[in-house]
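Got some structures for you, see below.
Each of the next two complexes has chain A plus one other chain: chain B in the first, chain C in the second.
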Partner chain A sequence: MKAILKSPVLAPLAAWLLVALVTAITTPHFLDAGNLSNLALQVSIVAVVAIGSTVVIIGGGIDLSPGSAIALLTMVFAIMVKFAGIPLPVAIVLVILAGAGLGAINGFLTAYLRIPSFITTVAALSAFRGVAFMFNNGSPVFSVDPNLETIFYGTLFGLPLPLYYLVALYTVAWFAMRYTRLGRSIYAIGGNAAAAMLSGLKVKRLQFLTFLIAGVAAALGAILMAARLNSGSPNYGVGLELSAIAAAVIGGASLVGGRGNIVNTAIGALTIVTVQNGLNLNAVPTSAQNVIIGAIIVIAVGIDMWRVELGGVIGALMPNRKNK
Partner chain B sequence: MRAVTKRFPGVVANDAVDLVVKCGEIHGLLGENGSGKSTVIKTLTGVHQPDAGQILRDGTPVSISSPVVARELGVAAVFQEFSLVPSLSVAENIHLGRLPVKAGRVDWQAMRDNARAVLARLRVDIDPDAIVGSLSVASQQLVEIAKAIAANASLFILDEPTAALGQDEIAELHRVVREIKANGAAVLYISHRLDEVAELVDCVTVLKDGKVAARAGETEVNVEAIVGAMVGNVGDHYPKVVATPGETALEVTKLSNGGKVVDVSFAVRRGEVFGLGGVLGSGRTDIARIIFGLDPVVSGEILIHGKKVRLNSPADAIAAGIAYVPENRKFDGLFFNFAGIENMSVAAFGRFTRNGLLDLTAERSLTRELISRLAITPAAEERLVGLLSGGNQQKIVIARWLFARADILLLDEPTQGIDIGAKIGAYNLINELAAEGKSIVLISSDHDELIAMSDRIGIVSNGRLVETKPAAMTSKTDLVRAATAGETRQ
Partner chain C sequence: MLEKATPLVELQHIKLAFGGIHAVDDVSIDLYPGEVVGIVGHNGAGKSCLIKVLSGAYQRDEGKILIEGKEATINNPRDAKAYGIETIYQTLAVADNVDAAANLFLGRELKTGWGTLDDVAMEAETRKIMGRLNPNFERFKTPVVALSGGQRQSVAIARAIYFNARILIMDEPTAALGPQETQQVGELIRQLKADGIGIFLISHDIHDVFDLSDRVAVMKNGRMVGTARTEDVTKDEVLGMIILGKCPPAAVPGPGAIVDA
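Our next item is the complex of A and B:
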């Protein structure tokens, strides 16, 4: 019992249940099977991208580029499949490699050229989308491949496929962060880069790897995005990086670095998407939704920053003890 | 302060503490970590309100309800973390929050003149136009004091002011403190360095467990008596045990890094403590950094157990069995996002990796051994290191290298900023490690500690090892003289 009370999953889970409860009370259709299934599909893209954001944040950096990376990668993906005739499975592998390449650019600039990640990834946020518009005269590519939609809308044992992807990816990521040298080392460099260097860790290489992982996560998000709409577009993914970062932070990742929990990020993503879903069902206009999401991010980061002052009560609730 | 009591949930931090600081007096406030010194300071600076008792200023009771009120009453505190803005000039910092204004604009000339006058009063040579961030730590501290003087403070609280200073800088600080005293202000001086307390202060109040344990007036500031009052009966302040040295473990010959360090040669045997003495910035730390693979070897050789090695990174050095405990435990040593366990295991994942995966159970049992062996608090298993005491933190940093099975330990200022009890704990640990056959290079600015705990001492001056001799034959004057000789050569 004590172990359950101490679990770092508790606080974000409580936050999500609260949000879900409010939504269920205010909207008659929230608990409909159709809407819940829709929620699972909606959360999948943010949740996949958020794995990368969380790893980067734990490593002491920040990645603001995945929204634009997704736009660029859906274009690359759609063109490869539709115009170049590359088979779907091959194209998927190539897109993942391309995503790793984009992450490597961020990682190289940040780790080896020592430019702060906030700057490199804001630059990438601008540049990646710019490159996305250079393909196909800046026009979206529609009706890519009839088989593509199955990736997103297919079901297995009555459950949507993206749910399986999420469970698989989160299991791998959680396991890697907790039970591998790489994961522990990423926590270490985010906690104290100087001490990590003096403990013999290859800080630059590790930092580089966090961005590489984020690039792969963005590529997986791009594949889901392209499959969802059977298209590629330079306009996809706008603001997605903020939802992904918010998911990580609501899940207790600290922007100071070294603290965060992969499983909590999934709950954080679910919280964000539930809020959006609830606002949609209540017919709140998009403009107001954006303001509300902004406020939620500020509050979530605020709780992280005010932990010391809030002390006792929230300190006990928030997962700031041993986040792993 | 009269019978001031402050309670926190579960603990009485100050229990009826009486403290009288007179004008024109330097009053030492001593005690181990957790003895209630910080609470006294925080009460005097308006951070905490006493639960009982009175604070009187010039005989009239006052209520220091906030830091702002404290400042108005003339209380100025200089903490280890400065309240200076690094990007602004000295003059601006001295007038921070009360810039002189003429006709709605900052009166730069008046500000500069006033700053110069204040600095002149302290007889310190600092340019009022210099940017604070570009000054040495020692100079910044003097600026901090000048700032308090410009604000017309009458009670100066100096919390561990010499922790980061070299010998010459300490002398300069002491001169400035005496200057303040001569100007008729009162000084409350907190330090862990008993030698300097004995030299500087007029009288002493020793706190233990929140109570006043002892008081000493002008004539009887006696170091051993103070130690006794602080920690109870501990026996020897420096419990040195001489181990039987074995074969040579670490040898450096004609080591240079192309910069500061020139032609340094020495050898350390198993079971030996080799002290590196000299002033801050003399190159002691640079020597350690080269041996740990942090800085390149430009010429010369490093031999480990007689074999020549190339150390291009800390990872190489760790693999060769070398450990480096850096001077600044907070910034360079600890992972505050980790509990004690992960802090201890971070330099040797190989010891608990099975089939490529971390074996968390093995990690726990291996670190548990170290926790009990080094008498680290059992709370270190679960609690984040930031919540542990300074002494425990320091032991954890050393434990990391025992976990990594290092047999050559480079300890840079290992007892800085920890209290006497924890220091003695660290000394006992050094003895034990030497007895086990480990080789220790001890870098310390505390001359008494260096002489007492080392077997042999190498004196570093200007990046050269000028002299090596048995610690028993080294006197404090040797260390100071070598240091000043280096100064004149510069």
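Our next item is the complex of A and C:
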């Protein structure tokens, strides 16, 4: 069908295939089963966090805090389970609530106290990790619970469990953004907050909610992170916010707000993690990797900003970015 | 005759200040069903601020708003909409990144039995109303940022009248439009008037105002110079009100009028 050919998913998918192809050619091990499953695990964390980043970006904000929120939340989770003896299901719920609380702090400062989200969340980036170091004398908590691995990284019908979690979360997020009033309203406040206000939308509450959602997404990422390594550490999640934002932007989300697509963010996450994986396999040092990730973000945002000027070229290459 | 009925809207002694600046100073004005009241004045005369008090975008410092004789509580745009007050803003307050239907129903979306957005119904309704307002309008699936000024204006107007507005505020409705579209808006105003809707028309264009309004209200420096039936005054007299604040004999002077001996 024509609709499929014009689908906005195509362009990011093509970008990912290109990255995967280059990686597969340059390294003999990319397609090894071990590497692919490792890739899948890495993707799941970035992709879950990126749901929150995308929602915030569509609503016209930015969230730089999820990496630090994850460090703090893995510590909270590990301590609750290991030292406080709280049963896993209860601890999971509490961590999600704690994540919502962290998001609520960002949301309150941004929406109600009118401090730009770039500032509030960069402050949170610093503060959340600082708080994470206050627990357990700043030491990681290891061997949290032997069941974590099976619950979160087991397999079902031969496929890794994180895949099911991802599909479920992305389905909910996609549906909410596409088919509910909440989603439509978030697009509207990101597109033109003043017009949305005059149309009677509760702009502040909606902005607040986007950060709350991002906090919950960070909590889910923290649970996956803690389960994967069976530990909590104040050093987890460094730079994760940038991977998540890159995933959203590669997926076509616009940092000026009002535009973005949840499904494309998943592909964006896959792309950014594949790049990291390819760099690892090619033994590119971490320092250089950080530079490359930075460059990718700048280029992806640049493509968004230069859309009008590049109109014809980009339009031909990336139909989903076409404006008219 | 009209004056004997209960006014649709009465704004009484409205005051609005930003810091020390009195944007609206002790302004009273009323509007009857099926009436068009033109509000004119220089830039900065307080016209837009006054109507933003009525539309809920600004909160007044003092004064009362009566809707059909009863005091109304209007603290935000939602409150105003609940009273059937719809506004078409000078700046065309539309969400650029979504399409016409999404704008029309923004914040009041139609839903399916499942509680999800009913895009099909919203587009059908949008097609219906746009067919009436602007039969040439075809770009239903395009974000409104890509539309022309006139098309965007018709989206804004459609949004205002779709929800059975009783009171319509039009802030420079033709400022962004070409001559043909301006004429369309004029016809639309007459049509809405015939439906018994009361309209506040804010405009720079005194010809437009004389053409469409039953009464004209003149503001200067945040104060009301006076109001007059358009048939009782000349354009020159109204210009005198706007520029000099001088109230002609046929007009009802307000607190802002210069009373000369």
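Convention: the second predicted complex is superposed on the first by the 313 of 324 C-alpha atoms of A that agree within 3 Å, B and C clash if a C-alpha of one lies under 4 Å from a C-alpha of the other, contacts with A are read in each partner's own complex, and residues count from 1 in each chain.
In the analysis below, contacts are C-beta pairs under 8 Å (C-beta built on N, C-alpha and C of every residue); 3 or more make two chains touch, one makes a residue touch a chain.
Computed from a predicted model, the values in this text were never measured in an experiment.
**Student:** Clash or fit: what happens to chain B and chain C when chain A is overlaid?
**Tutor:** Clash.
**Student:** Taking the superposition as given, does A:A196 touch the first partner, chain B, the second, chain C, both, or neither?
**Tutor:** The answer is both, since A:A196 touches chain B and chain C.
**Student:** Thinking of the overlay built on chain A, is A:V55 touched by chain B (first), by chain C (second), by both, or by neither?
**Tutor:** A:V55 contacts neither chain B nor chain C.
**Student:** Which partner does A:L161 reach: the first (chain B), the second (chain C), both, or neither?
**Tutor:** Neither partner.
**Student:** Based on the superposed arrangement, let me know which partner A:L64 touches: chain B (first), chain C (second), both, or neither?
**Tutor:** It touches nothing on chain B or chain C.
**Student:** Thinking of the overlay built on chain A, is A:I296 touched by chain B (first), by chain C (second), by both, or by neither?
**Tutor:** A:I296 sits against neither chain B nor chain C.
**Student:** A:A248 contacts which: chain B (first), chain C (second), both, neither?
**Tutor:** neither
**Student:** Show which residues of chain A both chain B and chain C reach, each in its own complex.
**Tutor:** Of chain A, residues 178-181, 184-185, 187-188, 190-192, 194-202, 258-259, 323 contact chain B in one complex and chain C in the other.
**Student:** Which positions of chain A touch chain C when the two form their complex?
**Tutor:** Residue positions touching the partner: 175, 178-181, 184-185, 187-188, 190-192, 194-202, 258-259, 323-324.
**Student:** What residues of chain B sit close enough to touch chain A in their complex?
**Tutor:** My answer: residues 292, 294, 313-315, 317-318, 324, 326, 331-339, 342, 346-347, 349, 353, 356-358, 360, 382, 384, 400.
**Student:** Contact residues on chain A for chain B in the complex?
**Tutor:** 178-181, 184-185, 187-188, 190-192, 194-202, 254, 257-259, 321-323
**Student:** Quick check on the complex: what are the chain C residues that touch chain A?
**Tutor:** It is residues 55, 57, 76-78, 81, 87, 89, 91, 93-98, 102-103, 106-109, 111, 115-117, 142-143, 145-146, 159 of chain C that touch chain A.
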